[in-house]
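In what follows, a structure is listed as structure tokens, so that the remarks can point back to it.
Just so it is clear, A, B, C, D and E label the chains in written order, and each chain counts residues from 1 on its own.
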Amino acid sequence: TTLEDVQAAGVLKCGVTTGLVGFAAPDANGNWEGFDVAVCRAVAAAVLGDGNAVEFVPTTGKTRFTALASGEVDLLARNTTWTFSRDVDLKFTFVGINYYDGQGFLVRKDLGVSSAKELDGATVCIQTGTTTELNLADFFRANGISYEPVPIETNAEAQQQYLSNACDVYTTDASGLAATRATFEDADAHMLLPEIISKEPLGPLVRHGDEQWSDIARWTLNALISAEELGVTSANLSEMAKGTNNPEINRLMGTEGNLGEMLGLEADWAQKAIGVAGNYGEIFEANIGESTPIGLARGLNAQWTQGGLIYSPPFR
Amino acid sequence: MTDLATDREIDRSQMQVSDKVAIQITDMNKWYGAFHVLRDINLTVYEGERIVICGPSGSGKSTLIRCINRLEEHQKGQIIVDGTELSSDLKNIDKIRSEVGMCFQHFNLFPHLTILENCTLAPIWVRKTPKKEAEEIAMHFLEKVKIPDQANKYPGQLSGGQQQRVAIARSLCMKPRIMLFDEPTSALDPEMIKEVLDTMIELAEEGMTMLCVTHEMGFARQVANRVIFMDAGQIVEQNEPEPFFNNPQSDRTKLFLSQILGH
Amino acid sequence: MTDLATDREIDRSQMQVSDKVAIQITDMNKWYGAFHVLRDINLTVYEGERIVICGPSGSGKSTLIRCINRLEEHQKGQIIVDGTELSSDLKNIDKIRSEVGMCFQHFNLFPHLTILENCTLAPIWVRKTPKKEAEEIAMHFLEKVKIPDQANKYPGQLSGGQQQRVAIARSLCMKPRIMLFDEPTSALDPEMIKEVLDTMIELAEEGMTMLCVTHEMGFARQVANRVIFMDAGQIVEQNEPEPFFNNPQSDRTKLFLSQILGH
Amino acid sequence: MTAITDPPKETFRLSMLLYDTRYRSLTIQVIALICFMLVIAWLVDNAATNLAALGKPLSFGFLGEIAGYDINQRLIEYNSQMTHGRAALVGILNTLLVALLGCITATIIGVFAGVLRLSNNWIVARIMSVYVEGFRNVPVLLWIVAIFAVVSETLPAPRAFRGDDATAHMLINDSVALTNRGFYIPKPIFESGSMIVVLTFILSIVGIVFFRKWAKARQEATGEIMPVGWISLAIFFLPTLFMFYIMGRPIVLEYPELAGFNFKGGIHMRNSLIALWLALSLYTGAFIAETVRSGIQAVSKGQTEAAGALGLRGPRIMRLVVLPQAMRVIIPPMISQYLNLTKNSSLAIAVGYMDATGTLGGITLNQTGREMECVLLLMLFYLITSLAISAVMNWYNAAVKLKER
Amino acid sequence: MSEMDMSYVRTEMLPEQEPPRSQTGAAKWLRENLFSGWINTILTILSLAFIALVLHEFLPWIFDSTWNANSLSECREIAPGACWAVIKERWPQLLYGFYPEELRWRVNLSFVLMLVAIAPVLFTGVPRKLLWFTAAFPVLGYWLLWGGSLWGPLMALAGFGVGAGVYAAIRPVNNLAALIAGPLAVVIWWLAAAGPVAGLLAGGVPLMLEPVPSSKFGGFSLSIIIGVTGIAFSLPLGILLALGRQSNLFIVKAICVGFIEFIRGVPLITLLFVASVLLNYFLPPGTSFDIILRVVIMVTLFASAYMAEVVRGGLAALPRGQYEAADALGLDYWKAQRLIIMPQALKISIPNIVSTFIGLFKDTTLVSIIGLLDPLGLSTAIRADTNWNGIVWELYGFIALMFFIFCYSMSRYSQYLERKLQTGHR
């Protein structure tokens, strides 16, 4: 099984992007960092006890599914939209949603546009290899307006095109737009249009057919989310691990019940996962949150208790 | 024609011709595509014979020689060399090639190997002689052709005549029982021709069976015990040198000889 | 030296030298960069003269010849060809070039054109002769050099001697009054040298003014009415062939002749 | 004399398969064929098994499905509701377009650079060496992305043309706009009566052909040489211009105009096309320059001298003697450069030019997940193109082969 | 005419004179090279203006620059020109990828050893014995770069030895059987014996280096690894293809021609697509191997087609007499090829092999399109770092410079070889 393979190899092979600000990028020492990267590390910690036991495999829009299907990677955490056909036709299992996204538009403020519907005749930069082209075509068609698509392979190129004014609008997932905008020298001169033209639930995925493995990935993600909901943070983790009077926390920490065993993992698997970089909220804040240059607000990605959509099934 | 070889006394009695057949060619025919190069060639060569083949350009002399060690394939008839028939059987071909040495007009030495390596290559790889022994043999034959001191040079550093002598030595290293020469001197300057012919005469004296395509009539007179005249793919006339040159029978031979000698 | 041309009777009386000056070179100097190739050359060539220029390699023979039709530029002095002074005036150069024919050591035929086209190219484009007429002229001169039957072949298909004869015919087609030859035979095999020399002798008989750089001393003896010996960029000695060869004055000439004839 | 007996007639033995030259080659070939078939069968079988396991057996049905994405540059009618097949066709045409444009400009650049590199002007020759070495020794992909970046960063955006204090201006009488979204140039609109002008133009071209034939015949007959080039040029322009005014200027130009976000009207050459075109031309041009240089150098100096000695002059020596010979040397490697350029145009994907690799091998592949079919079709397309180009090359080679002894 | 005395003898030789002013010095050089005629003068002035313009644009950018900063915005505050700080921070990554810092000596060492290994191929003066090192280098290099136990690659190499041994052992008995058993033994060894034996030996003498996974490879070292292995392995394959193409066996020839023309007819990028998305389909279900390995396989196939054409050119340059002489001496086909034909043909081909290598090395940048982090791919990744988001020219400039240095020196070398062969051959 995948679990055995991973444990035998002692390393988790995780597919990420070749570089997307805030979500995955190597630093000067070659350490990968980012929001998607954190999911990989959490799963590695849960399975192998070491958040650094990850081999990151950079993939492009074209190669990512093949890499997963062929077993080149065990887990794909590459801001991939959960769609019907990818799930059913391409035979992958999306283990959850770590970011609720939607396709948005980034424009200069001085363009004098306040709605995407006013973009008739505009030149639009798109990052290809995603669902973006389709959404865009549908949107403009539905509104009966014309546009000039400029497809670009990488985010870095697209950003450069947008900044040099080679396109009026840059469209991709709103999270990416915000992240991109945040790094501009004059971020205030740019804005996101209110229209979000699609649902883009992004999440990690694994191959069909190995339920144990998909469960591990799914519940590691859920553990991160639950940890935030339950107030387990990297700061109080060791304390919580000693036992609390909240049985759900205890089950999560593995001090009560045998959830770990059911997954085929050790009892403290979730502890280790959370131990890498903290809970979902902490990861969010550290990589893409408002304190980072990217400065994304939680928005839809707030806990359900805070009015967002982030919601983990109970650990019981 | 140059008569460079005549200043040397040849002891013809030494050159014994036995009555054992070395090469037997029967009704041999060859075509290049639709072009009939050799027609009904019949030729018996006895051991120790020295045969000179001449004839106008394009008459098929080279082709005949090349058929004998299977550089070309014949299509009809039989060639038996030393009791082995030349057929498409690789073993026979190998056997015959190691018994028949060949010298080409352009020497065809291997430019990337030294003279010594040129000579030891075939003994080592075909005869599987130990290297040391092969080198001794090679030096022996290089001495015979009088260039032992060039052994460690490369062919490009030698003159044409020296190269041709190396080529002869290279063939001799395989200890062939028959030597074929295809115009060995025609690419050489007059001075060098003499060197090479001298070497060949020495070989002849030792009783080597030789077939030689050449237009050096002096050489033919001196050493051949049979001269064969070919034209249009056929053997037109053959005879001992004296009667051949002094009293040719066929008109074509007469014409050819008048051109080549009178010129 | 080969003396191939001597088997032909030359009627020297036919070759009339007039007293009209064809080429007048006065105090001409030429440098290649800082290297002084030609020094104070003074030379008068009369119409109908046949001059052979010889001298050791590097003495400036080719350079002199090439200056005469301005393939090289001279830096000092005067060259007057047929009354026209060679200067950087394009018109003069054109005029002189169409009056002076030149044959090179390596023939320099145009390989992409047939023999006939080689010969008609310049008449058509320089002289503006109608094609048909140009072809007739070309055939005339090809007959003169004895290869009319090759007219439709390409240069690559001809032997060296034939190619050089075509080159001569090509120059003649422009009906030059003066012909320059720069070692026309030195790239050829002995048999072919004869063909070319014969052609040149015929030209000489017809009274063409010729300057010829050559080491064919037989040719010089037979047709030249003046032999010029150059060394180190200067004319060291000039004389009629007989006295020149039999009784050279300068030491340098003696040395040169002893080398070239004794060889 | 020993009697020669006939050797016994051979019967077929198994070892003859290996040692008899007649059978040996047959044996080897059969073994090779079997091995080859086995390998192919193994690969095909694996592919079939794998694809079946993934539930997507080989099928080209997806080509008939709705593509759903837009393509900015299209030489034929296309919109997002058309099929993937149509999208692929648009991409293929775009590939051919950039390849054709690239070959033309690369040739021009290459010939210029190659000739200038031989120039006796020291500085010019050096600059050309720098150009040639610089482009030849840096990957073409890097050039493509770099030139794309140059085009979009250095040229003004359309908005810079707007307003009274515009920082950028259109060129040539407000007819051409160079923006970082591409170049906008006027587009001819054919109104009624333009047919006659076009017809005149075609007739002039036919006229030029006939004029040249006539001039040649005349030269052959009388020897007179006419200024064929100038007269041809005149025939090329004058009658058409004349007709154009006679007919009351029936062809008008549609000028690009700033409207909304972009220029409207005219012909829009997108900067992805420009960058790709420029990069491929400059890169391939550097190689062609070398080809041209060595071609010209291959014609020996003696040829020029011989022609000069015959009284021919500069340009004519070039045209009658040097070029015909240099061409034989230049053309074959030049055509293989065209081949390389066509193949390199597949790097369009790096700048978002929607060529065959961008549509068929890009978005279509991503959207449908039909890697096998898409890549196969893509390879097939390039293969056919390459083979067509090499066929032309072989034909040319055979046609100009020098006759030798 | 005879009344005219033409005889003339120079009594003393003229001395060499100084050339006229116009023939020497800088003035002449300038006139001849820059101002000979008005067209030339115009060209010169235009060129000078062009150079001035370029320098005016670029010099300030290059030199009014920053070497010390932690991010692009910091750079921009310090100086308006280039921000070389990114190179200063990231050059190890651009060279080594993510290869662990403390292990980089292994990369350096293997490249030095690689130079030693190719020396006997490129320079004739080097002792021939080094060729053995060249043959062993692939194993050594692999071991140094990827680490792990030396026994694995060593046993893979040993497969050839086993094959040769079996062949030699059976040959005296039956040639046919030996021909079949030899290759079979190699395959069996690789499939069945190599692993366990390697394991056994590793148990005894470990010979371990810390393993480094492929995902750590990147930057120029990745380009060089792909380029060099591509060329090294394509050479034998190319030789076989070239021989096949020359062969008079129809089917063999057809297969080789088909393969060569197919590979040469499609762009490398499509072959890389095959490596990245298709190759797994063609292998038995469940096999999955390293993307770098897959890319190397495709690149090797790609290079081998070009190499085949290069070798074919070398073969064509050999005179027919060499084949005939080899035949006449009784050498069989393979011996003739090995001892006579190939040594000469390959020597003639070296300049073209070097050119092919330059082309291949440049083409390795295409792997960035399928997501490998070669220098160009890394530049994208670096630009995805929040600190360096938006930086373009500095990275491109650095990468271009590195490629230029490498390729230009190789091409100079191949030109040198070409000249040397022209004069030295025969």
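The working rule: a contact is a pair of C-beta atoms (placed from the backbone, for glycine too) under 8 Å apart; a residue touches a chain by one contact, two chains touch by 3 or more.
Here's who's who by UniProt: B, C = ATP-binding cassette domain-containing protein; D, E = ABC transporter permease subunit.
Note that the coordinates shown come from a computational prediction; the quantities given were computed from them, not determined experimentally.
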(Q) I need the common contact partners of chain A and chain E, sorted by label. (A) D
Q: Give the chain pair, either D-E or A-D, that is connected by more C-beta contacts.
A: D-E
**Q.** Angle, in degrees to the nearest 5, of the Cα rotation that carries chain B onto chain C
**A.** 160
Q | Chain located farthest away, centre of chain B as origin (C-alpha) | A | A
Q) Can you name the chain whose C-alpha mean lies closest to the mean of all the C-alpha atoms? A) E
Q) Compared with chain C, which chain's mean CA position is the farthest off? A) A
Q.
Taking the mean of the C-alpha atoms as each chain's centre, how many Å separate chain D from chain E?
A. 27
Q. CA centre of chain B versus CA centre of chain D: separation in Å?
A. 57
**Q.** Chain centre separation in whole Å, for chain E relative to chain B (CA means)
**A.** 47
Q: Quick one: report the Å distance separating chain C from chain E, using the average Cα coordinate of each chain.
A: 53
Q: List, in ascending order, every residue of chain C touching at least 2 other chains.
A: none
**Q.** Per-residue multi-chain contacts in chain A, two or more chains
**A.** 62, 66, 69, 153, 157, 160
(Q) Could you pull out the residues of chain D that touch at least 2 other chains? (A) 18, 145, 149, 153, 349-350, 365, 371
Q) Hey, which chains are touching each other here? A) A-D, A-E, B-D, B-E, C-D, C-E, D-E
Q. If you look only at chain A, which of its residues touch chain D in the complex?
A. 61-62, 65-66, 69, 85, 89-91, 111, 119-123, 128-130, 133-134, 136-138, 140-141, 147-153, 157, 160-161, 164-168
Q.
So in the complex, the part of chain E that touches chain B is made up of which residues?
A. 319, 321-322, 324-325, 327-332, 335, 339-340, 343-344, 347, 425-426
(Q) Going by the contact rule set out above, which residues of chain C touch chain E in the complex? (A) 17-19, 29, 31, 33-34, 36, 39-40, 46, 49, 75-76, 225-226, 232, 234-240, 243, 249-250
Q. Which residues of chain D touch chain A in their complex?
A. 54-56, 68-72, 80-81, 145, 148-149, 152-153, 157-159, 180-181, 259-262, 264, 270-272, 349-352, 354, 358, 362-363, 365-367, 369, 371
Q) Which bits of chain E are touching chain C when the two form their complex? A) 1, 4, 6-10, 13-14, 16-20, 22-24
